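Both complexes below contain chain A, partnered by chain B and then by chain C.
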Partner chain A sequence: MRKVSAAAIHLFLIMASVVSLFPFVWMLIGMTNSSSDIVKGKFSFGSELSTNINKLLDMTDLGGAFWNSAVIAVIGTVCTLILSSMAGFGFEIYRTKGKDRLFGILMLSMMMPFAAVMVPLFRMFSSMGMLNTPTAVILPTITTAFMIFFFMQNTKSFPRELLQAGRVDGLGEWRLFTHVYMPTMKPTYAAAAIITFMNYWNSFLWPLIALQTPDKKTLPLIVSSLASSYNPDYGMIMVAIVITTLPTVLIFFLLQKQFVQGMLGSVK
Partner chain B sequence: MKKLLSVLLLVSMTASLLAACGSSKSSDSGQSGTGNEGGSASKKVVAWAWDPSFNGAALKIAEELYAKENPGFELEVVDMAKTDLEQKLNTNLASGVKEGLPDIILVNDPNIQKYVTAYPGTFADFTDKVDYSQFSPYKVDALTIDGKVYGVPFDIGVTGMFYRSDYLEQAGFKAEDLENITWDEYIEIGKVVKEKTGKYMSTINPNDEALTSILLQSGGSWYITPDNKGNFVDNPVMTETLRVYKAIADSGIAKPVTGWSEFVGSFNAGDVATVVSGVWQISSIMDAKDQSGKWRVAPIPRLNVEGAVNASNEGGSSWFVLEGSANKDLAIDFLAKTIGGSSEFYERFLKENGGVGSYIPSFSSEAYSQTPEFFGGQAIYTDFTKWSTEVPGISLGMYTQEAKDALKNELPNILNGSDLTQSLANIQKLFEQQVQ
Partner chain C sequence: MGSKWNKSNLMGWQFVLLPSALILLFSFYPMIQSLLLSFQSGKGNVYHYVGLSNYARLFSDPMFKQAVLNTLLYLIVQVPIMLMLGLVIAYFLNMPGLKFKGFYRTAIFLPCVTSLVSYAVLFKSIFAVDGILNRMLMSIHIIHEPIAWLMDPVWAKVAIIAAITWRWTGYNMIFYLAAMQNIDPSVYEAASIDGASKTRQFFSITVPMLKPIILFTAIISTNGTLQLFDEVVNITNGGPGNSTMTISQYIYNLSFMYTPNFGYAATVSYAIVIMVAVLAFLQLKVGGEKK
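Right after this comes the complex of A and B.
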């Protein structure tokens, strides 16, 4: 009985991984084929890789877009981690009046669709003269209710005794945060970093609106404009998508161990 | 590893901060053409378009022609996806922020009325700037709102029935058998083709309304009336369109596809005998180099209703100038003298990018009478331009997209055999709910 169910579970897992890995394999195969081979459904490696890469480099400022994306994602992630973890720490550790109510309001903000705030946000950034800068892309999501919640939940398992011990040893609150809390919570930071990096790296709608000149475009904007031409060159698009996907995959594998730990709860 | 990462982070942060500081300056100069305060000395205009190898390339040809007479003229084309362009334009217009808007913008024909009506005073009036009698009437109709003409007509999507002559010959049909037929005859031919060659006659995509749009316009009708009401109930052309649509699906001559790439793949792989589509489809058909010489084009089949013709349109776009642009006059002059009145422009646009316009004086040119080997030496562009003068002019109205969405919602039910009168009433109701 047990053997049967184990086999069934394995079968299910194998099928699930095939389904989720297929797009990646398809993407890698696609980047080596010509556009018409791809629409015909050819499923083997071809010899068009260098042609596709050259066409892509010819048509777009790929390096520039990569740099723009990296600037936004890296600075955005670092700022988000610092601010959200401070907020999560504060919400969980300190007892203050009205904390729950404040947190409730914060959670409510998660319900607001971004499309609803886009026009006012656009006006705001325009009046501040900040449109068309990486800052304009980073600021609106520099902390999110979800990230604060994520840190708060993980802080629940953080041993208060450590804080008390630190206070007895004469550490100030700031140093407690940076020297005791932050090192202990590494897995949480890693998990949060992956999620935030991915969000910034893939963000589309707001960068589309806030960035105005071609030299400021991020990678997703480039991919979107390539894919929309009347006669799309799928081989070239596949190369662009692979390049766009790589950094998130890399970061995930770098932080994989911590990510899993972070998702299970930071402190064992 | 950790140290390396943190050093990398630090370096990229400082560098990007510097880049961000420098960028505010460069963006100011980059937008000199788009700003809305003075600066009339500038000879640079900025345009938004959505396909660098098609409409972006067309602008480059126009720039070259214009710069010959006007030295120092400069054009910057910003390309982005069509839906992205619309999103950006809508956000800018809805928020009243002019910063970042271009001088020239490409608009999809079904969106023209919506923009001009929803944002009055935003687009420049072209009425006396271009000789519109030189363009196909149906194209000018799309640009005319309340007696004023906005923008310059650009590419058209006059339709044809592309077909594989080898498959049809195998099934026993000659070119004459495909000239000026009705859709019912088309289906009969399709059955024979399917039986004798095993190939499908066409594709059908229940999530796409391209075919119904083509059928409707060929009957001189549209999803909405000129005063923007739903045109589904008590519209004989609509009823006939959906009857034909269902008949094609039921007859088994159509290969079901779910998306654009599957559609293109079906004819690139040689699975179908005909493709009813806009003239711009030529480039994807010619992608299958191994099928050279096997393709021909015939007029599309006709609906069985009063006034229906063997010609229609799928897609097309036009150029607009923003009223608030600092370089409005320059931008108008540029468009009017090139895309709005130069035969040379259209000849080059066809030769270099395969784009077909509706500028009548260019139709007699050598470029339009070429006989590509791929189509067995047929003078396809001469044929297409002839058909383009037969396309019934219709008002695309303000809510084409909403009406198409309402129809798409009901198409699967129609294909499953629900009562057509009831379905049309449902579509009309859904449409009215959407535009309220």
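Right after this comes the complex of A and C.
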């Protein structure tokens, strides 16, 4: 009886894994096939890889898009980490009624749908003449209540004695933050970095609004515009999808533990 | 001592001031702007107050009604399926002595790292009329002729629901799995000795103990579904005939696709604000009660 149910569970989990992995296999196979073969559901490797790559390079500024995505994701992540950790440190270490109240208000922003702020944001950046720049993409999510919360949660277990020891040694509060807090919290920063990088790298709606000329576009915008044409060329789109997905999959496999910890930081 | 504390309290404000100001500037200020805009109408930069007429239009707008109904349908059908599936998978993966756990967990979680646009386009190709899905279903004789997934108002919704489930089930599973690992195994042992079956243990021990985390995932999933945009735009672009259009896409279209109407778009966006608030309140009420 026990053997039967164990087999059933394995069967179920194998099916779930196959379904989960299938689109990844599909995109790798698709990358090597012509568009018509892909749409006809051909499920074996073809010989169109170099044709697809060349077509993609001819049609789009792929290198440029990769660069735009990377600039936004890297600069955005660095700024977000600095600002959110400052706030997390400030809110948790120097706890007062006033700060708790402010934090409560900031948390409300987590419930705000982006659709409700996108038009005013668009008008705001347009009146500042900042549309179509990486800065415009980065700024609206440069600090999020979620990341502040994440750093606060992790700061709860930060050993306060380290701060006392630093103060005795004559360090100022900013030096305590940069020289004591930051190095101690490295794992927290790593987890936060992965989550933030992925959010910036994969973001679509706001870049779609904020970035207007082809030379500024990011990878998801390229994939979307290729796929929305009247007669999409799936062969080259698959190459673009693989290139878009590869960095995040690599990060996941290299830093799986931190990534999962990062997600769980929100519910600790 | 007292002055020293005050000094470090002041220092504390230095750390939180800039980040807080940025959130106020990029979240709260636009929210207020949006509210003001929802009472205005106009073109270009010339806007004037029109009172409640945008709100009046909302209630007689068939496209808005359709977008709300579609979004609620995704919510009612997809969120429970996904949470249940995530919970069951996590329960299996948490069983002591199960082999290949690491592989299953990684495989099922992997979809969560893909960009919403990329996976949406992948699913679009999978759901093509003579595409791989129809071929597979036909080869195992589940269907006899190809289904025009994305050209049919009902099947297109099914395709979108399947896609979202693929992307997010593993995400919820990770939260459940972590919570389950905090449950003391002796609780299950005691239940086994008392003769409770695995199914019984799942419903009488696991689910009740995970209630706070189920509530958390329900709220974030609801929030996410009400904001659904990337998938629908890239799989069906709202079609056929607006049958898959979501509220977010409608707001985007009103602002940037049709003749721009920022005032009315802001009004529609406040409809989402209200829905998010009401649903979060209801879930907290239902989920928090029996504590």
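What we mean here is this: the second predicted complex is superposed on the first by the 231 of 268 C-alpha atoms of A that agree within 3 Å, B and C clash if a C-alpha of one lies under 4 Å from a C-alpha of the other, contacts with A are read in each partner's own complex, and residues count from 1 in each chain.
Assume contacts are C-beta pairs under 8 Å (C-beta built on N, C-alpha and C of every residue); 3 or more make two chains touch, one makes a residue touch a chain.
Computed from a predicted structure; not experimentally measured.
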{"item": "Superposition on chain A - do chain B and chain C clash or fit", "value": "clash"}
{"item": "More chain A residues in contact [chain B versus chain C]", "value": "C"}
{"item": "Partner chain(s) touched by A:Thr133 [first = chain B, second = chain C, both, neither]", "value": "first"}
{"item": "Which superposed partner A:Leu162 touches (first chain B, second chain C, both, neither)", "value": "neither"}
{"item": "Which superposed partner A:Ile53 touches (first chain B, second chain C, both, neither)", "value": "neither"}
{"item": "Partner chain(s) touched by A:Leu171 [first = chain B, second = chain C, both, neither]", "value": "neither"}
{"item": "Chain B versus chain C as contact partner of A:Met182, first or second or both or neither", "value": "neither"}
{"item": "Which superposed partner A:Ala70 touches (first chain B, second chain C, both, neither)", "value": "first"}
{"item": "When the two complexes are fitted on chain A, the stretch of chain B hitting chain C, from 9-17, 27-35, 63-71 or 81-89", "value": "81-89"}
{"item": "Shared chain A surface residues [contacts with chain B and with chain C]", "value": "38-41, 118-120, 122-123, 205, 209, 221, 224, 227-228, 234"}
{"item": "Touch list for chain B against partner chain A, complex", "value": "9, 12-13, 16-17, 19-20, 23-24, 26-27, 30-31, 50-54, 78-84, 87-88, 91-92, 94-97, 99-100, 261-262, 264-265, 268-269, 280, 283-284, 287-288"}
{"item": "Chain B-facing residues of chain A, complex", "value": "35-36, 38-41, 59, 67, 70-71, 74-75, 78, 118-120, 122-123, 126, 129, 131-135, 205, 208-209, 212-216, 221, 224-225, 227-231, 234"}
{"item": "Sites on chain A touched by chain C in the complex", "value": "5-6, 9-10, 12-13, 16-17, 19-21, 23-24, 26-27, 30, 38-41, 43, 83-84, 86-87, 89-91, 93-96, 99, 102, 106, 109, 111-124, 139-145, 148, 173-174, 177, 198, 201-202, 204-205, 209, 219-221, 223-224, 227-228, 234, 237-238, 241, 244-245, 248-249, 251-252, 256, 259-260, 263-264, 267"}
{"item": "Residue ranges of chain C in contact with chain A within the complex", "value": "8-9, 11-16, 18-20, 22-24, 26-31, 33-34, 37, 89, 92-93, 95, 98-100, 103-104, 106-111, 113-119, 121-126, 128, 130-136, 166, 170-171, 174-175, 178-179, 198, 213, 216, 223, 226-227, 229-230, 233-234, 237, 247-248, 251-252, 255-256, 262, 265-266, 269-270, 272-273, 276-277, 280"}
